[in-house]
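Next come two complexes built around chain A: one with chain B, the other with chain C.
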Partner chain A sequence: MSEHIVSPKIYILIFAALMILTITTVYAATVDLNAHFAGLNVIVALLIATCKAVLVILFFMHAYYSSKRTKLIVFAGFFWLAIMLSLTLGDYGSRSWDVH
Partner chain B sequence: MSTTPPKPPGYQLPEEHYLNATYGIRSWLLTTDHKRIALLYLASVTFFFFIGGIFATMIRIHLLTPAGYLVTPETYNKLFTMHGVAMIFFFLIPSIPAVLGNFLIPLMIGAKDVAFPKLNLLSWYIYITGGCFVLYSFATGGLDTGWTFYTPLSSVYSNSAVTPAVIGIFINGFSSILTGLNFVVTIHTMRAPGMTWFRLPLFVWAQYSTSIIFILGTPVIAITLLLAGLERMFHLGFFNPALGGDPILFQHLFWFYSHPAVYIMILPAMGVISEIIPTFARKPIFGYTFIAASSIAIAVIGFFVWAHHMFLTGESTYAALAFSLLSYLVAIPSAVKVFNWTSTLYKGSISYDTPMLYALGFIGLFLIGGLTGLFLACLGLDIHIHDTYFVVAHFHYIMVGGAVMGYVGGLHFWWPKITGKLYPEFLARLAAVILFVGFNLTFFPQFILGYLGMPRRYHNYPPEFQVLNVMSTAGASILALGYLLPMIYLTWSMRYGKVAGRNPWPATGLEWTTASPPLTENFDVTPVVDWEPYDYKNRPDLGLQTPTAPTLAPAHGDD
Partner chain C sequence: MHRTGELSGQFQTLEQQKESATLGMWLFLSTEILFFGGLFLTYTINRHTYADVFSYSSRTIKLSWGAINTVVLIGSSLTMAMSVWSAEVGKKKLVTFFLIATLVLGGVFLGIKGIEYHDKFVEHHVPGLGFDMYYCTKNPGACNLRPEDLQKERVELDELTKKMGGETAVNANSQLFFSLYFGMTGLHALHMIIGAGLLLWLIKQSMAGRFTTQYNTPVENVGLYWHFVDIVWIYLFPLLYLIDRH
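Now for the complex of A and B:
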């Protein structure tokens, strides 16, 4: 289990990226994107949040430098989340098909 | 040549072992020895079993008469809720993993301890902290939402102490996660030389699968209950339609964990059974790889079936169809195990020692529990039996008939290793039979009650259901005796039991090659494994069967 040393430069870069993305989130919330496409505001906010989470996991949590096995575990976590979301949405999406 | 098999020789207790290595309350509360932590868990889960048992007794006494005998309807709601919460979250989920798993995994793989001993102790403290919150909830108003905490009852309408209870279960979740993490890392990185994956005891495979569920499932229940708590405390809208939430979403999130959680309870018990059966059939287990793989398959497929709890609570018909089909699939790996156990018994040289009685009981009771699960997964039939006593009987056949029997059987099987002492065999066999009879008398009538239409969670019932309810209560009192007996004679044996020796049954696992009780470091020297698992033919080192010598007979406390 060798520790990977990450240079402060990378940490600062990632931190800056996170701050910029935060500002973008706040700014995007003030623009009425929903006028173009229903729900676009939420979609944009979630996309930015996802980017931030990925940066944190890859660099702050060192997943980028980790062994294949650790990456597999990280992947499993997201895969399980995908199971939960997709099957749950499967229920919501098919409600309107019901014949009464 | 004499016809009676030779008895193992007399033994002395080892001079120093993990129990007498250090003394005093501090040496226990600050221990990082996985074996002592297992005993801390043993005491605490037994405590919660007692609490849950008291509530169960009160439920059964109340249901002696159609109008209800003992408590008000409001109190009745609290009784079955607190029974469920204590039993599921604080007894059954930690029981086999945290007690037997903690004690045995390092011994079985030839390690000195788990990978993170301090984290292991922390898990216990987290469990105790969560337990205190829940006890506080029980003591200050109780809990009446059902163990399922369905919203909006839990998040809006209930007047009981929901908030401390959900906080307690949230906290307790981290104990499960850390235990799971510890086991996964231990099994990956700490196996002794020669202990390859396919030489691991099947108990370890079962614990590994359980740990996967711990890690991937528990965060979901923790956060879901926290969301319900936040909605209750701060009126944030997650599940309450008035606040823009959706109550069915709670059920999806709850069961996403709680169906896999039923496998957290049963998989480790299946692991115990896979150890006991070859030992007392004196044969290698049939289909090792299939049993190992089916544990992993159950852990994974178990995550795809959750909405079979929601067929009648508003999910779409199409989702119900899919989840019904997926639920049938999960029965396949369970059946694989049952077939392999019975094939192991075939032509074995079987002896009916106490652990074996539990194992055989497990097979029958789990079979009934599992097959009635298929009844429930059938969409048309579930309309009739959903939320009736049929469901109650189904999950008690699996959780009590299966998981608790596995736990008690495992405790008996490894008791000589844990304490170095043998329990009185006759009493123990008697208790096993009493448990089996009491269990069936308690829960079989509930299948009939449910089929006839008696709903669950009601405090009264029509008079025509009384006979079956009285039978059930009578059975419960026999069951209680069956649990008290082992508590008494096992405690007695710690002091007065005969010395067990390293390998009283005898069995083939690595844990049986070290002293009983083991040293703090488990082994004098790191063991090297150069045999296949459950090999009862080629282990002269253990004094087991050789082509010329007969099998050793198991040692008993009252021989």
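Now for the complex of A and C:
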């Protein structure tokens, strides 16, 4: 079989990167970034979370080494999530009525 | 599921057979992404609408437990990944060892979650069950809070009450936050419990020496599930625990 075996070295490196990103996100939450730009705290938190998720998907879940067909399914899952989020939030954001 | 790793009739090669299993698992996970996605969407709209109350409610959750649990869960993803590697290279005893390690770390996560839920019950922060954001400040000593934290809570809560125009509004909106908190972490915990069941099933088979370099699809697919549950937590942690901690 031509299946790719990911080595423990890579797993440990990814784990270390995830730990560093966890510390970074906790630290970033204690700094008032919103003072510079409204909503910057949550943007930074989500960017860090997305970096972590991408590392997990590509390496722990082997998406990086999988076939194009599997990659397409992985992409499709998140693409449909993006459709749901963007259309719903776009709808909420552009309505004249006040939800408050 | 092909239980022995032999080639089933509908496939041409073992490689194709294995790829179809991975593909199917990802297809299932894509439905899970949308399942949790709906909750994240609800969260986003409510947090945007009730920003101040969400911010305050989030700070009443202990950051330390959430941070420890993040480390524990990512650690369990590492041990899960290591058990997949052990199966792929045919180290049968290591497969069992790493599966047990993953189960233990999953148990630690759920234990800590239990402590956190207990705190919320004590503080009357559970929607519908005598919910009162003012319970701790009105009944000093009833909650397990340090005096300086209680004082800080009192100051912040007074400010929030003025801003929202009364205690009723604060309680109504913070119930929304805690409904989402319990709904999302509860659904996540349910996935962990199912994952623990799957791990037990794998451990039993692994101890019988079922997994070989040729046959390790169940380990690989439960691994995919476990890592997915980890990813959900990776988003839940900053969204629920880390709102305006400055």
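In this text, the second predicted complex is superposed on the first by the 92 of 100 C-alpha atoms of A that agree within 3 Å, B and C clash if a C-alpha of one lies under 4 Å from a C-alpha of the other, contacts with A are read in each partner's own complex, and residues count from 1 in each chain.
In the analysis below, a residue touches a chain if its C-beta (ideal position, glycine included) is under 8 Å from a C-beta of that chain, and two chains touch if they have at least 3 such contacts.
As the structure is a prediction and not an experimental result, all values here were calculated from the model.
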Return first, second, both or neither, reflecting whether A:I43 touches chain B, chain C, both chains, or no partner chain.
-> neither
Scan A:D91 for contacts with chain B and chain C and give back first, second, both or neither.
-> first
Who contacts more of chain A, chain B or chain C?
-> C
Is A:L13 in contact with chain B, with chain C, with both, or with neither (first, second, both, neither)?
-> neither
With the two structures laid over each other on chain A, which partner does A:T25 touch: chain B (first), chain C (second), both, or neither?
-> second
Considering only the touch criterion stated at the top, classify A:G77 as touching first (chain B), second (chain C), both, or neither.
-> both
Contacts of chain A common to chain B and chain C in the A-superposed view 69, 76-77, 80, 84, 88, 92
Quick one: in the complex, what on chain C touches chain A?
-> 14-15, 18-19, 22-23, 26-27, 29-30, 33-34, 37-38, 40-41, 44-45, 49, 63, 67, 70-71, 74-75, 77-78, 80-82, 85, 88-89, 214, 223-224, 227-228, 230-231, 234-235, 237-239, 242-246
What part of chain B is in contact with chain A in the complex they form?
-> 188, 216-217, 220, 248-249, 252-253, 256, 303-304, 306-307, 315-319, 322
Where on chain A does chain B make contact in their complex?
-> 69, 76-77, 80, 83-84, 87-88, 90-92, 94-95, 97-98
Would you mind writing out the residues of chain A in touch with chain C in their complex?
-> 1-3, 5-8, 11-12, 14-15, 18-19, 22, 25-26, 29-32, 34, 41-42, 45-46, 48-49, 52-53, 56-57, 59-61, 66-67, 69-70, 73-74, 76-78, 80-81, 84-85, 88-89, 92, 99-100
